[in-house]
């Protein structure tokens, strides 16, 4: 059984690899490499897999999960520039794939290992990533 | 291969454990324990896993699946108070987790075992549960 | 120009007129008159019409509008039973139409009259009401 | 890890088996067998499972995936009659199940086998199919 | 005050003017003129403007409005080919604009003139039309 | 009668008034004033009011409207930083209100005055602005 909490955050980013020329960045990343950043309303789903606690009827209190997501993820990334403001992305291109790994790792360290975690991030309504760890 | 039918129902409920004091219920369940109930538009997805029937091109006729969901689930729970009106929740706190188990069991008894069943329930657009049996 | 803030609340209600017999209530209100209440995720849109403040580029700070909606509407109605818990509905059947009038009146008393107000409430994704005052 | 690209196409179809009488087609397929076709806005999600390319931070460039979907799927089926215009459905009833197999096969032949593919098609907001190959 | 009921129907159509050559049809209507039809999930919103009935708290019983929409609109157009099956479109190109006029006229003849009517039709999530009569 | 075309663009921005101190900017604009920008998936609806052209059954060809929106709006603002990249916002704080005025003015200069224009922009699913000119 799995439960899911959905939250959103708004951030700026740019896909850019400093080892490459501007031309190569543009060739690989297209408009996403434009120098002054653009942004998204990221929709984050966190799925927690575990067994029902017979005391409460919950796998995990979704209020607790919401609080963890706010403290660990939204406080860090909401209304931020992922490239400039967030040391979690030092040396890491903030693709949706890499964002999902960073978020999964942050949540993994705060959630009991009796629970499996899946992170689903929608960058737009057309582009999504799902990550369950151990890539 | 899996097919999915989505239906909705509107119900009232309250998270409350009679063995606990009102204070403990409030501490654990928060606003969800308020005494006079609140409610939700529950969105129910039923996923059926099986092979395509070469006669029809269907795994299962979605019209049939719709009819089963209406007869077994919506007739029981739509416009009802899960705590007061529904014997299926006698002694069971109507968390979304427990609702998914009750619905899965009801469907399992009506759908051929050649098909696997997954039930996904969204209590709100932020809170969801998925259950595939054998928790 | 108009701005809109969208919030949601979850409440139980029942359509029931005490002057009528149970039979007449059932005939007029159908399943919505069932005695033990049912509930909805109400989606509330508050539209504010006014001119842009050249100082801020805002008609009204949406953070302020959000705070007013939380204090005046969500604190009153979220996770409540509109019939039993909410004196605003004493003698008023909590149809979506009447809910929109109650909410509009509550907001009107807290928002400067330089702004026109429209309230849009979705009871489900199929049923909506829009109210702009002076019905 | 999985990424997803969502695209839509609009097509007409009819569920009809020429070996059967009109009566039997109507009995089995209902309104979907009406002789002059009806249609849908099909929403197609293509999920690609693979590892992050450390050079780019991508599993697969979603721009490339979009281009493949447009060239292989939308060019074939958008604004078409699946029964009359599309040889891919010769002898195949265009149920959502069969559409998902046809699309999966078309994509499988164009996408490197280092990636697993899942196709999810929503015929309406109530009816969906998911197919991952090897049915 | 206005209330809204939302329903959907699935239909095939083609934009084609018989007085024009195929070339001109293609130049004006593009893919929408393809000869064998395509189709859509049409989402129909019917807005009714009126005063609250103090007896019921309703402008109009949404159950009644739903029944009118089903009897007058869905029975006629759901799972149909608008060009071939529907005499309402004899000599009328089934653009979303014209569909909204046909639907508005059908509803106007069945709904008391104490109520104003607005019809909103979404052909896709990107294309919509709103019509309030007297065009 | 009105038709609507919906498009989206992704941009970075910051609410900041250079005449004010950082403290005052933070007090008025909150997180939206953070120095390194954040971003949104802006959803833009353009409504065109006019009469049906009896030749085509269109108010305006939505393909033409789409092309105008792409050429005039998306080319300018998609994947851009509204503060740094877009001279249209020189001296203008890019609030959603001001964005709607800029977009309305750009469209007004390209669309025949026989048509009225309304621009609706959603910055998030919770915040929207509607502008019809002549504020």
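The letters A, B, C, D, E and F name the chains in turn, as written, and every chain counts its residues from 1.
One rule holds for everything that comes next: a residue touches a chain if its C-beta (ideal position, glycine included) is under 8 Å from a C-beta of that chain, and two chains touch if they have at least 3 such contacts.
All figures in this text were calculated on a predicted structure; none of them were measured in a lab.
Engineer: Starting at chain C, figure out the least number of steps needed to reach chain D through touching chains.
Structural biologist: 2
Engineer: From chain D, count the fewest steps through touching chains until chain E is reached.
Structural biologist: Shortest path length, in steps: 1.
Engineer: Nearest 5 degrees is plenty: how much rotation brings the CA atoms of chain B onto those of chain D?
Structural biologist: Fitting chain B to chain D on C-alpha atoms yields 120 degrees.
Engineer: Need the CA-centroid distance for the pair chain D / chain F, whole Å please.
Structural biologist: Here the centre of chain F sits 34 Å away from the centre of chain D.
Engineer: Distance-wise, how many Å sit between the C-alpha centres of chain B and chain C, to the nearest whole number?
Structural biologist: Centres of chain B and chain C (C-alpha means) sit 28 Å apart.
Engineer: Do you know which chain C residues sit against two or more other chains?
Structural biologist: Touching at least two other chains: 125.
Engineer: Dump the list of chain pairs that touch, please.
Structural biologist: A-B, A-D, A-F, B-C, B-D, C-E, C-F, D-E, E-F
Engineer: State the interface residues of chain E toward chain C in the complex, per the touch definition above.
Structural biologist: 1-7, 47, 51-52, 56-59, 61-63, 66
Engineer: Can you list the residues on chain F that touch chain A in the complex?
Structural biologist: Listed in rising order, the residues are 8, 10-13, 31-32, 34, 36-41, 78-81, 84-85, 124-125.
Engineer: Per the contact definition, I'd like the list of chain D residues that touch chain B in the complex.
Structural biologist: It comes out as residues 15, 17, 28-30, 92-98, 100-101, 125-132, 135.
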